[in-house]
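Input: a single structure, listed below in structure tokens.
To keep things simple, chains are lettered A, B, C, D, E and F as they appear, and every chain counts its residues starting from 1.
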Amino acid sequence: MKALKRVEIITGSLESSKVIRILDQNQINGYTLIKNVLGRGDKGEQDGEGLHNAFQNTYFLVACSEEELNKITEPLRKLLKTSGGVCLISDAQWLMH
Amino acid sequence: MKALKRVEIITGSLESSKVIRILDQNQINGYTLIKNVLGRGDKGEQDGEGLHNAFQNTYFLVACSEEELNKITEPLRKLLKTSGGVCLISDAQWLMH
Amino acid sequence: MKALKRVEIITGSLESSKVIRILDQNQINGYTLIKNVLGRGDKGEQDGEGLHNAFQNTYFLVACSEEELNKITEPLRKLLKTSGGVCLISDAQWLMH
Amino acid sequence: MSSDILIQNLLNPAVLFFFLGLLAVFIRSDLEIPQPIPKFLSLYLLLSIGVKGGVELSHSGITSHVMTTLGIAVFMSLLVPLYSFYILKKRVSIYDAGAIAATYGSISAVTFITATSFLKDLNIEYGGHMVAAMALMESPAIIVGVLLINIYRKDKNDEETSYGSIIKEALTNGSVVLILGSLIIGLLGGERTEQALEPFTGDIFKGMLAFFLLDMGLLAGKRIRSLRKAGSFLILFSLIIPVINAAIGIALCQLFHINIGDSLLLVVLLASASYIAVPAAIRITVPEANPGLYVPMSLAITFPFNIILGIPVYYHILEYLNLHT
Amino acid sequence: MSSDILIQNLLNPAVLFFFLGLLAVFIRSDLEIPQPIPKFLSLYLLLSIGVKGGVELSHSGITSHVMTTLGIAVFMSLLVPLYSFYILKKRVSIYDAGAIAATYGSISAVTFITATSFLKDLNIEYGGHMVAAMALMESPAIIVGVLLINIYRKDKNDEETSYGSIIKEALTNGSVVLILGSLIIGLLGGERTEQALEPFTGDIFKGMLAFFLLDMGLLAGKRIRSLRKAGSFLILFSLIIPVINAAIGIALCQLFHINIGDSLLLVVLLASASYIAVPAAIRITVPEANPGLYVPMSLAITFPFNIILGIPVYYHILEYLNLHT
Amino acid sequence: MSSDILIQNLLNPAVLFFFLGLLAVFIRSDLEIPQPIPKFLSLYLLLSIGVKGGVELSHSGITSHVMTTLGIAVFMSLLVPLYSFYILKKRVSIYDAGAIAATYGSISAVTFITATSFLKDLNIEYGGHMVAAMALMESPAIIVGVLLINIYRKDKNDEETSYGSIIKEALTNGSVVLILGSLIIGLLGGERTEQALEPFTGDIFKGMLAFFLLDMGLLAGKRIRSLRKAGSFLILFSLIIPVINAAIGIALCQLFHINIGDSLLLVVLLASASYIAVPAAIRITVPEANPGLYVPMSLAITFPFNIILGIPVYYHILEYLNLHT
């Protein structure tokens, strides 16, 4: 087992490529994402209705080391500030294989 | 960063509006939800088969303060008791923006 | 509330039945799963494109006791080693009902 | 002649695609029709059958024959769950008895639609009001089932089951709304609507039905596995109760001189069991009932039984009676 | 005659299915058409209307009449957001004013398609280039809206809004690409393409449209609830601005002697408001604007207004003017 | 004449929609056909082609000509991966060599279907057994590929690869089951099935194919980006091996006097490469192979090459040979 950070990012579907770009730029190779995620926040309801994914979120799960996390917090903060969304950070163990 | 509670609720799709009602009644504005979630529990398998979403779950993720959590635990407990489902609570940091 | 382990497993969709088999063999009855999950890891990108679910992941969330976890770590490790995927373990409280 | 019709029904592409679905599950193929495609196909079938029924009804008008048929339909959808419940109560829990009773009192739209397609192959007409009969039979049994459970349960709930909400639920059920809505649209538009929509609701209908039955076969195949838990009493019940319901239906149709097309459809509605509306409603209102029983019973036994054997056999009996009476 | 056409339009199955969708929401039915089925239906409609337009255009060729019509279309899609913005600016924030202006300057493909189906019922021809007009009118208003916001906003952004990226976004918008692409495919293939694709893009078209409008009704019904927040000024705006735009459109069509089929479609494009392309673009470029305003305005008021009342009324006026001038 | 056929093929709406998809990716449009719509379209195409083949076969019967053709098909699907493997082994890893060999030994159903549509445009008949040939060619190459890898790999696995499970997997593959199942349904039902399903499986077929090829264009466009990693050897391989396979196919067809319709389809099957069944099977059985190589090779090079150039060129050569021998 290895201790690491479990980073969850929820942001509008249209911004999801920007999250990936931040990960790429910081050489974070591993991540998981779920599309068609709904929710509600400061910017109102994302109810998935309509014919465009503008009203849907994407959920990201990134398991990374604390150093990696430190590299992405600032760019993520900036992104979330302009485009909305949230980022939660918690601790986890990685089952080595 | 701000410490808060990360609440996960998994319940039948047909009960999802009840979860939202509990959040609303307690002025918890932010939440995320994922539809078409499958699983197995005491009430058997939710395999998503068939033509009705009665056999699917909805997954909720709510990041809230400890006080907010305290307000919803009782109503949630009551809901889960009658309709089934689970609720997990863990700690997380909120990336302020 | 009851303290327990929150196990997350992300693996290729085609391997998801193997994860369920491991849970079954260890009498772990409760789990949640999300299909059509995308991501990137050592085995490259799972972008969900194409006409087969070979390029998609499945996400599992299993809340179980520490003893239950101990029973499945070895088989999970073996599975992830051959088929790829990740397993994250964290702590959580179970809202009793 | 009976065996002719039986074989012809077996060679119906829709029935064959159902078998293909079953087969795919048995050989553990990874063939699947991912959601929401089956849902799309089923919405299409309901919409199409509704519009066709409405257009038909705009030709025939609402006669006393129509009212009689609708009356029998609703009456039977109240009666069937009643006697089913008392048969079941001796062997299974009150909750399961009520849930299964509701399942068999309600109807299967796909069985009905397969029967309309069977009639079309034989060039036999049926009245548009039969579609209304189907919609009207969807919900009453749910209310009867829940009512019976509440009468017999020991631990009367603190919070009384709200019948208002069950009735509301039953009436605003998506498929009921779609069928009745499409029926009224067909009724209002008449010939003009028929012409406009025929290529969509008519021409490609059989193909869409065949495609959908492929999915039904896959679904039924998966549910067969969970039948082990049901036990032989419930398996027998799922085979015999449709026959009993059909027999009563045939008798009533003879009594009221209903024509053969409408008779077959009414009998099929009685013999069929719900696996969409009822499970959805019961899962909320009676969470104590085990969906591992009532879903596979209707989907993996009664449904295949009706579309493979039931429809041609009921038809043959009706034809025989019509010739000899 | 006007009321005749109005009633005939109301009995159009597509319009009736729209009402059914609305009704289902009001009685709180659980009827739903799950994603991505609506998306599939809308791609189908765009592809079909594109191919038809292209085939039509391959017959008529690109005449000066075509160029005039396209010119009016683009001109109006720049003008409408301009005056809309100045009307709105007095009552709502700069951001909402720009977003709503863009919404009404752009177009609704479904309204356009419903109008083509209305014309077909009356056996009135329209030019294939009208499909191109629709595609050309989708994006300019977005650029005008964002431009106006940037001129009037106080807190000039650090990072200047990149117009390049907005224009690129507008031109590579999925529905614009699909409509124009299908149009060119129809144009290149001509008669041969028509024959090959007609059963798909033509015969089942009305049925697919009716099915899609059922979903639009469900969607509009859900959005009506959020109209409370909009306030009476914006609700009135959503009813009056289409009429104003239509009136200007009618005048221009008379001035340039455009035939009645093309006129109706142009007027409908002007009167209609976007609820797909614009919300998507504005949500990224102007996150400050409230989608709780511009989406329900176009979807829950202007869209139903146009398909129920607007189309037959605009048509009646055009017909009256054609007879009396 | 060759260039005539080439141009006619390029103006085929299905091919043009493929280009539209490619174009949309290149201009970075957000056009997308969301899952599971492409999956629905592909199931529809397989079902339709299967039923048509079966009906056709019910007319022609299973002659010695049929058996010869099926024999060549299966023989070649064992031979192609063999020589492909030895060509590839010199340049890429054993795993990638085996995976790519399996890819090219197997077939692409969409390429086959596009070729049947090409033949239909020329009013040239083909035998229903060619659909069976397609189904039979889907899996053998996978088994050969895995076998070759296991012979040459150094680190012999602890747990021997279970050939039983690979063969089972290959035979119960969803698309094989659907094609063969539909074929048998068509064969059993004959004329009657054709009539019932024709509007669905026949009339709208070309439109559904065009729609599906739009998605294939989007998919191929996205995969082209990852071709950089493949290197020029593999890119050349993806262009040359289809031509070699086609040449062998043409020779065999001449040798066995197979008619031009069946010949073209057989040649196209040989020249085409799998991007559904093989990647799915290989991803589990040979996780060491890089899907970033074998998927884009077949999808982004060989597939477009065949539908744009291959089909008309193979046809022209066959026609030329038929005239001059």
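A few notes on this one:
By definition in this document, a contact is a pair of C-beta atoms (placed from the backbone, for glycine too) under 8 Å apart; a residue touches a chain by one contact, two chains touch by 3 or more.
Quick caveat: nothing in here was measured; it's all calculated off a predicted structure.
Graph distance from chain C to chain E, where chains that touch are one step apart, equals 2.
Taken together, chain B and chain E share the touching chains A, D.
The chain with its Cα centre farthest from the Cα centre of chain E is C. Of all chains, the one whose Cα centroid sits at the greatest distance from that of chain F is B.
The distance from the centre of chain E to the centre of chain F, with each centre set as the mean of the Cα atoms, comes to 41 Å. Averaged C-alpha coordinates put the centre of chain B at 46 Å from the centre of chain F. Touching two or more other chains at once are residues 34, 36, 90 of chain B. In chain D, the residues that touch at least two other chains are 35-36, 39-40, 199, 203-204.
Remark: the chains found to touch one another pair up as A-B, A-C, A-E, B-C, B-D, C-F, D-E, D-F, E-F. Those residues of chain A that touch chain E in the shared complex are 12, 14-15, 36, 43-44, 47-55, 82-84.
Residue ranges of chain B in contact with chain C, taken from their complex: 8, 10, 34, 36-42, 57, 59, 73, 76-78, 80-81, 86-90.
Taken in their complex, chain E has these residues touching chain D: 11-13, 16-17, 20, 23-24, 27-37, 40, 121, 199, 203-204, 206-208, 210-211, 214. Remark: chain F residues 35, 38-39, 42, 219, 222-223, 275-277, 279-280, 283-284, 287, 290-292, 295, 299 touch chain C in the complex.
Per the touch definition, chain C reaches chain B in the complex via residues 1, 6, 29-35, 61, 63, 90-97.
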